[in-house]
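Below are two complexes that have chain A in common, paired first with chain B and then with chain C.
So, the complex of A and B:
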């Protein structure tokens, strides 16, 4: 039933359209506009973007090229976040989904793993800082047990270690998401496929690569895209642990934007808006792809 | 045959060992904050897993609850005041809009729908500066109404997508029969469609409640008075930057995360369904 109408559907839509226009659509356009203005409100073209890229806080490949520890700049940090976090969360999510399907008590373990996604990210940050503490943290206790006690330190306190520590910690927080999506994907694969493979004498390994992985392609698309968006927008855990420090070693785009807009004195809406716009352009690229897939299916 | 059975058994045992070992990685940090929250600070400074001395106490909880600058007694109530309306208002608004997309044909419908769907990927950072400016100029800064409106608007895109997909597969015959009987569109919507939509509404409620409760960014920009601050804002305030009191901050963390965990446990099926439906959250 599709009724050709105009008054009723518009009436139903008005509250949503009004709110979206005021609090999403207008602000997006306005942020782009602000990113083209200087502090005095004069139009300066792409100057703010040039300034952002000129700042070591945002773009500092020199340290990376010379093999020095971070800071490499927020953009590169987000890039490293994607390079390390994305494959690990996809891998662990898939591994847990496949393993826990056949394990006794699997549902309980799944719930525990999924808690990382349910709790506030701010609390997730507290948990990470706690496990990385020098003496009170469990990570160092583990290192001492396996004979690596000389490495023990407060992992989130040093520029050499904070970025990677946070990234690995964020794998801990986020794996529940990919696991739950893959679990649902697995349930959608017809059992007959596995039975046929078994009758044909295919090994587990072969079945996994030839049936499970290809059938999970839609789930993988969702996991990869959502994880990319999450990595680009990462904020809370970085903020609660070191606010981008020490010395900018854990700076990411969202934190840099927040600092410039709302904490630095004087605040600089122009460059903050430029960072937000860059972040959105990157997000949008990935997201448009996902939405395109979802609408098609 | 026996050899094969043996192999199968070995495989099963192996997967069980790996699965339980891996899951320990996820359980231990939670166990850690629970232990830290019920023990005096000196006992946990060298590891909460040491039990030579063990004097459990609820002192950490009472100190987090009555914290001098960021008491959770106040922050928790504040979070509820913001989260409850921010959960139900968008669902109602989105349901109306989604019904319109699912059941009517009107010019620009598909373009409008696509635009709204795309809006769900906008990061919070992209809207916050103009929202901050608007809120200041009309007196909604440091005011819960402003924050609730922002959360409402931000939730609409994914909720509209989710509900439109749900409405599209509902049988329309009942609605048509009601219309022949002379029911108005609003009556059909409230009396027939919404009751059929309860499972979807449960998913939206669970996800949106947890999302708003967990949000830190919008609150950090829009709410600044100490007495108005929300639960997620109290956590960094209580932690500070140097030498946190792990007993107090662990207790605070537990108090703040127990609410979303309870929602998740109570509405697990619906929560997971909502996540799996591919709800893209800003």
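So, the complex of A and C:
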């Protein structure tokens, strides 16, 4: 490409690059810089990171190793979010997309499922509070109907159950996104492949496993990437329900960062920035790997 | 073709004339509007934590201010965290949306004062009219930064008198009698738990816990914990207070925490027997509608009680400093506080508000508070991070009373830092 040929595209890219620099690059670099300072603004190197990792609020694997209920620390809690929420969201999204593909009224059902994605997450958190409430909640009402009323409780009030309650509630909210992506992906699979499989006598399960799933790989990468990002930066639902409690049993990194930056007196922007930087590194790492896979596929 | 041109010219001329006439009309309209236009009186904005009954009462006091001065006031109620976060964020951004803020956290107020975000109120109030202890905690470098407006006593356990009469219950005077009372209430048909537990972000549980700290350890223990002269991990705190509290929780005497303003109704209908709350609870239904049947008893044997003060503060960045100062002086006056007293659930900080202004129940709270040593609220004095940790750990204790107390108390101690006053 000649210099002149490079100049013109670059010229058109300049406004976008400028905006990216001001609103993305600069804040990221500035956050990393602040993470190396103490509350007096003096350079302290990695002390803030050491303090973050030294807090049981962030890293408390002992309880997990001993088989006790949470808290396990925000880092481990975010990890549990990924381990539970991701496969469930992918599975249910794919299941719903396949089931509702050729069903009459499927579009209406899909719209209803997708509602969870479009409501503000703060509203989602409030809804979950009521869903899990001992007397008025639908979960406990269902348990009573099926004869398990003795299990009824406010599921978000107890350290043993809050983390899983939040994760499952979030699956309910987020599954609409994976369902829509998979629905679009299914539409993109050439019908001839299914016809050929049918002619060759392939079973439905074999067709699904050998044709549908591989052909949905790009959609899967999108779903996994976006879901991972959701799980790493989860805040609203956790904050609304118990602010990371009780006893830190539902604490996640975003809430921990928020407390230190805005609630503590005095504000501790150094440690908050350290947590933000760790989150950025994790998010960027996952995103870069997955996007690379997506581009290659 | 020429007629088209001429008709096009005619339209253009007509449009031109109409446009000019419109412009002239607009100029005249603007001129006359200017002549009759009176710039509105600046509207002040007040932030506070109050909503529902407390907000209604406060609006009545603000209405008096507007009637007196002609300055309109807009009130915005915030949740605890919203106020804790929104105000400093706005001030750091160089904006003061609120002209006056009412908040109960001395450490927070002094932190804002330390960053020069607040106006000193030393010259706005008559310091002889307020207890020194109320002013000391919001004083830095000999400047006072908060006007004591409302006092909330935390006198004890509220109960319905007829419930006690019907069920042959007696008000306890010793701690042993108190435990017997809890056992008796628990046996009553239809009662879910002896003591209602309030919820929210956690302060109702901390108020209850502080009653146990003061009741079982003495008011001095509360002060020692605030100022660091005793540690949360000390044997006294663990054995005398938290183990005792945990044993009552394990016995099922406390309800599962629920919204603090929903609990009065459950006390009234007999779901719960008693409810530890601040004196402001008398402004909430159904308590406020049945004051004759309402009473309280202090923690048996206590020598102290927590008194929390709501302070009015004035951001230095307010766009209406003169008007805001007028409002601050009004809130500091006996007039404003007497209005609030008359509406119930409010104890005045001003010494000139007469006892005759109080309802019988509020007066009984006031008279009780005069018989004990009033100490500051523990978590309000220390502020976050201790405050948020305290609330969070107590929520854990309430739902899991068998939680390891050593770990819990160490967690509290780790987040303790000396108060700024």
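As a convention for this text, the second predicted complex is superposed on the first by the 267 of 297 C-alpha atoms of A that agree within 3 Å, B and C clash if a C-alpha of one lies under 4 Å from a C-alpha of the other, contacts with A are read in each partner's own complex, and residues count from 1 in each chain.
Here is the rule we use: a contact is a pair of C-beta atoms (placed from the backbone, for glycine too) under 8 Å apart; a residue touches a chain by one contact, two chains touch by 3 or more.
Quantities reported herein were computed from a predicted structural model and do not represent experimental measurements.
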**Asked** Once the shared chain is lined up, is A:259 touching chain B (first), chain C (second), both, or neither of them?
**Response** second
**Message:** If we overlay the two complexes on their shared chain A, which of chain B and chain C does A:154 touch? Say first, second, both or neither.
**Reply:** second
**Asked** Which partner does A:246 reach: the first (chain B), the second (chain C), both, or neither?
**Response** second
**Asked** Does chain B (first) or chain C (second) touch A:81, or do both, or does neither?
**Response** neither
**Request:** Name the chain, either chain B or chain C, that contacts more residues of chain A.
**Result:** B
**Request:** Give one of first, second, both or neither to describe whether A:181 is in contact with chain B, with chain C, with both, or with none.
**Result:** first
**Message:** Is A:131 touching anything from chain B or chain C once the two structures are fitted on A? First, second, both or neither.
**Reply:** first
**Asked** Does the superposition put A:72 against chain B (first), chain C (second), both, or neither?
**Response** neither
**Where chain A meets both chain C and chain B, residue numbers** = 242-243, 262
**Item:** Touch list for chain A against partner chain B, complex
**Value:** 1-6, 8-10, 12-13, 15-17, 19-20, 22-28, 30-31, 34, 92, 95-96, 99-100, 102-106, 109, 111-123, 126-131, 133, 135-136, 138, 141, 172, 175-177, 180-181, 184, 204, 222, 226, 229, 232-233, 235-236, 239-240, 242-243, 253-254, 257-258, 261-262, 269, 272-273, 275-277, 279-280, 283-284, 287-288, 290-291, 294-295
**Asked** What part of chain A is in contact with chain C in the complex they form?
**Response** 56, 134, 154, 157-160, 242-249, 259, 262-267
**Asked** Inside the complex, what are the residues of chain B that reach chain A?
**Response** 11-12, 15-16, 18-20, 22-23, 25-30, 32-33, 36, 44-49, 93-94, 96-97, 99-101, 103-107, 109, 112, 114, 116-132, 134, 149-150, 152-154, 156-157, 160, 172, 175-176, 185, 189, 210, 213-214, 216-217, 220-221, 231-232, 235-236, 239, 241, 244, 246, 249-250, 253, 256-257, 260-261, 264-265, 268, 271-272, 275-276, 278, 280, 282
**chain C residues within the chain A interface of the complex** = 81, 84-85, 88-89, 107-108, 111, 201-202, 256-257, 383-385, 388, 391-393, 395-396, 398-400, 403, 408, 411
